[in-house]
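One chain, chain A, appears in both complexes that follow, with chain B as partner in the first and chain C in the second.
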Partner chain A sequence: MMKGCMGKLLFVDLSTGAFTDRPVDEETYRRYLGGVGLAARLLYDEIPSGADPLGPDNVLGFMGGLLTGTGAVMCGRWMAVCKSPLTGGWGDANCGGTLSPAIKQCGYDGIFFKGIAPAPVTLVIDAKGPRLEDAASLWGKDALETEEILRRDFPGKKRPAIAAIGPAAEKLSLISGISNDGGRYAARSGVGAVMGSKRLKAVVLAGAKPISCADPRGVKDLSKRYADKVRRLRLPRLFTGRLLPFFGRAMGMKLVVPVDGMLLAAVLKKWGTNYNNTAGIVSGDSPILNWRGSVADFGRRRYRKLNPDRMRRRETRRYHCYACVIGCGALCDVRDLTGGAHSHKPEYETTAAFAGLLGNDDLQSIYVCNDICNRSGLDTISAGATIAMALECFENGILTKADTGGLELKWGDADAIVRLLKMMAAREGIGDVLADGTRRAAERIGRGAERFAVHAGGQEPAFHDSRADPMLGVAYAADPTPGRHTISSSQYYNPSHLWEFVPWAPRMTKPYAKSKEYEPGDVEAAKSAAYICYKQLADASGGCLFAMITGVQHWRLFDFLNRATGWERTAVDYMEAGRRMQTVRQLFNLRHGIDPRSIVLHPRMRGEPPLREGPLAGRSLPIEEMVRGYWTAMGWDETGRVPDAAARAALGLDAAAEDKS
Partner chain B sequence: MNRKIPVIDYGLCMACGICVAACPFGSLDLTAVGRDGSGNAFPELAAPDTCTGCGLCAKACPIDCLAMDERG
Partner chain C sequence: MRIRVYAPRFADRTRIDDDGFVDLPSGATLDDLLKALKIPFRPGAALFCTVNYARVPRATALQDGDTVGFFSLVSGG
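Presenting the complex of A and B:
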């Protein structure tokens, strides 16, 4: 048996309280590696077609990465997987923190829950094995408080890793996620609502099983080389937050100049993802005023208030997820704002969600919104997007004070934004209408509200503008989990150096005109396919997107995989595994009745009509042609359906038949 | 009383936390803040009485910045 994996999965039937270990053979690992790949293949079989995402037939999984715990740095991420109640298709959400190694140290590559518990429960796994404990006293408590109580009361010596949901997930908000390590979130796809529907309040993991590695010395050599490069990164002292708008201007140039991806790691070390607070607004990356505006509407005086240097002043310590040598997170002191203890610093997505998108320049309110979301469990991306929709509905008379309980909604009104967010978290009044995201809210409100409901296939897009990055538009429109910014983009691909390892991946080493990225064709299609296959590999391994962006020539994923498992596979072979995983995710959607062509970007996301001002003025995406090209490059047909032979191959059905014969 | 405890080279440590997760006894924690002026929280032997000197932390460290040494 290869190394790196734990060789089995745990299935928990919450309806009956039964635990079942399920072994996994090496051939299955070879095909799907672990993490999201292995989970997608399993849940393709386990979740019946048409299953209610909030019913007993849905299966919620917590997956560790194949490389987690092997000594490979930047491989500590876990994934929540299920059928998404938000989109009706495949759902997954990726998170850092400390849960991924804990899953494996309990002896499993993944833990799956089916059924619905008769009363709230917590899963505990420690030296005594797995058990369900009564969680009635925790039900209703926020996610952070729940974790504190469980940690305080945990009887064992080992510090447990804990994942928990907050009240929004208990109330089945379709835009709720799962918290881990004090507010790191598996936020997307509505995974929190699925956990809430199963009355599973928390997961407490305190195993101490060793995680094997075929070549520990070899893996350490790779880790050391990467860590040395990161350690040496230092931005010049004069490169302060005030210069980031100029950085943004360079990012928004009409010429794309491929740079070494380690530059991003240096920036992340200093500011975390908040480097993009101002750079993104200037470059056109950050959508403004519900995707209808630009930096011209949210001017310099206002965006300068979001200078990430100001956010660093509240930091009390930097935060690293497990196995991370970059450390883009931070804990900050917000007791004067929320009355609570220290909290995780708002990420860029959160800042963008509650600042530029809503015309809000009150930085303090961003911390408050972040805290409300982290405690209740609301996904900051979807929550901000839904508030943006509500503001625009109010502006256009579609919502009135009669609908909002007297609350006047205005762009940039921080107090109103905070009050509305609290109502969403508690499902009170208009908050109940909005608590399931833009698509459901528009259906409930009617009166043309869907014009302002910016989503793709039911999921709100993250705050990186597809009009600035057509590859990102393809990911928003064509991934089985639409609207996700972590799947693929040219900003990820261009520094990846994937082409040095995978001959079919297009080479991007010379400056080229940005306009070329708007031309559908084989090159753009191959770039999308290549990065998406590579992303599946990283997700299966527990890899971090930011390590991916630094480039394969630095963070050597293919070598890590061979040395940790003992396999001797080529990069091309691994990329085929990535293609297989993505194909299974696509097949999951098809099995659950999602027509790929039905996932349509909101017109603003594709530049219809184009913006009149700002760096993206005049830009629109030929998105349908680009998506068709991507589907074809993946080996699917022009409607996004997977031909039978390719489907059988991806699912391993032909191999199974051969084994039996 | 065991003879050895983990000793960390803070000049090399990247605060990745792998050693903390590897410790079966909760002896290490990421509580050494500001060793290099970066604000990083580095590991330290927060509960020395629970350390058995098993060396799993040193074995797990991906960059060999943690070694087992005689208990001082």
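Presenting the complex of A and C:
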């Protein structure tokens, strides 16, 4: 048996309470590795075409990474997978925390739930094996309180890893996620609503099985080399948050120069993702006022209030996910704002969602919004985007006080933003209209509200502007989980150094004009295809996006995989596995009736019309042509459909076709 | 000796080859490299610079195969 994996999956039928172990053969691991890749192949078969995402036929999976627990650094991510109720297609959400090793220590590479429990339950796996326990007393409690209660209820020697949902997911908000380790979130794709629909309140994992590794010393050596670099990196003391806007200005310049992604680790160690709070606004990366504005509308006097040095003052300790040496997270003291305990600090995405996007410079309100989302389970990205839409609808008379229960909605009104978010979390009044994201809200409101509903294929995009990075726009439009910022971008590709390992990946070792990124062609298409294949490998392995950004010459994913599993495969071979996984994700969407061409970016996301002010003034994306180029580079046709032979090969139905592909 | 360099936008790039390397004579220091790249305000600039992922004094002698980089931002996360 190969090493690194646990060799089996657990299936839980919540309707009957039955547990089934399902072995996985080595050939399947070779083809799909683990994580999202293995899950996509499995759920392609398991979820019938046309299944209601909130019905018993949907299958919700919790996947560990193939490299998790092998000693490979930066490989502690877990993934929730299902058919997304938000988009109607493939859904996954990626999260740090502690759950990924815990899944494997229970003896499984993944745990899958089908059916619907007759009453709320918690899955518990410990030395006694798997069982379902009554969760009626937990139903209605917030995600963080639920975890605290379960932690008291399971005080054994081994500290359990716990995932839980909050009331928003119980109320089937399509923009709800799953919490782990006190508020780390698998937030996207509406995975929380699927868990809520199954009446699965929580998962408590306290297994202690060892995780094998073919070459522990070899893996340790790779990890140590990476960790040594991260530990050596220190920013100079005079590199304070006040300098970040200047660095942001450089980021938005017209010349793109090669950078060493490893140096970003120093920035992440100091500020986490909040380094982009101000830099992103200045560079044009952060959308302002529901994607219609720019730094001209949210200038220095306002954005400087988001200086991440201010956020550091509330930090009580740094937070590292499992196997992480960077530690971009932190716990912070917000007792004066929320009355609750210490909590995970707001990430960049959360800050951007409730600050510049809404014209809000009240930093304290960001902490409050973060706490509301972490407790209720709302995805901060989608929730912020939906509030932005509501503000613009109100401004244009599409929503009035009669609709909002007397609440006046204004850009930058922190009190109104907090009140509206609470209403969404509780599905009260107008909050019920908004609780399922922008697309559903626009359908319910009517009167032209869809003009202000910024989404891609039903999912709200994250707060990195596609007009600043067309390759990101391709990912927003063409990934089977649209609107995701973690899939690919030129900002990620350029420091990746993939070309040193994969000959077909375009070399980016020389400076070039930013305008080149807006020219559709083979190079841009190949960059998108290469990074997306690489991303699939990372998601199969439990790898962290920030490790990817540091570059594969540092975080040696291909070597980690060989040393952990005992395989002797080339980088090109692994990249073909990545292509296979992405093809299966695409096939899932096709099987569920999604025409890839129907996923269209909101006009503002593609610069139609272009902004008139700010660093992105005048920029628009030839997105359709770029997406077609990406599809072709993946080996699909120009409509995003997968030719039969390639489909059979990706699904492993035809070995001969696989050999030719 | 060959030094891998990730230079800032304002650097003079004439000495950097297509693969991102600069050839320097044996015994050259970080300060020599900054001069070759025509980096202004070298004492200040050196603070934002690393050699093999550690900050070092400008007088540090470089070795063949060293990597020199400048802190910069990548949007993401």
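Please note the rule applied: the second predicted complex is superposed on the first by the 654 of 661 C-alpha atoms of A that agree within 3 Å, B and C clash if a C-alpha of one lies under 4 Å from a C-alpha of the other, contacts with A are read in each partner's own complex, and residues count from 1 in each chain.
Just so it is clear, a contact is a pair of C-beta atoms (placed from the backbone, for glycine too) under 8 Å apart; a residue touches a chain by one contact, two chains touch by 3 or more.
Keep in mind that what you see is a predicted model, and the values were worked out from it rather than measured.
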| item | value |
| --- | --- |
| Side-by-side fit of chain B and chain C on chain A, or clash | fit |
| Centroid geometry (CA): angle chain B/chain A/chain C, rounded to a multiple of 10 degrees | 70 |
| Chain B versus chain C as contact partner of A:223, first or second or both or neither | first |
| First, second, both or neither for A:235, with chain B first and chain C second | second |
| First (chain B), second (chain C), both or neither touched by A:319 | first |
| Which partner reaches more residues of chain A (counting touched residues only), chain B or chain C | C |
| Partner chain in contact with A:71 - chain B first, chain C second, else both or neither | first |
| Touched partner set for A:142, first chain B, second chain C, both or neither | neither |
| Touched partner set for A:327, first chain B, second chain C, both or neither | first |
| Partner chain in contact with A:549 - chain B first, chain C second, else both or neither | second |
| Minimum C-alpha separation between chain B and chain C after superposing on chain A, in Å | 15 |
| Touching both chain C and chain B, counted on chain A across the two superposed complexes | 230 |
| Touching residues on chain C, where the partner in the complex is chain A | 6-9, 13, 18-20, 47-48, 50, 52-55, 67, 69-77 |
| Chain C partner contacts - residues on chain A that touch it in the complex | 229-230, 232-236, 238-239, 244, 247-248, 250-251, 253, 255, 257-264, 266-268, 273, 275-276, 279-280, 283, 285, 328, 347-349, 464, 468-469, 485-486, 489, 491-492, 495, 509-511, 545-546, 549 |
| Chain B-facing residues of chain A, complex | 69, 71-73, 98, 101-102, 105, 157-159, 161, 208, 210, 216, 219-220, 223-224, 227, 230-231, 315-325, 327, 330 |
| Footprint of chain A on chain B - complex, ascending | 12, 14-18, 20-21, 23-26, 29-30, 33-34, 38-41, 50, 56, 59-60, 62-64 |
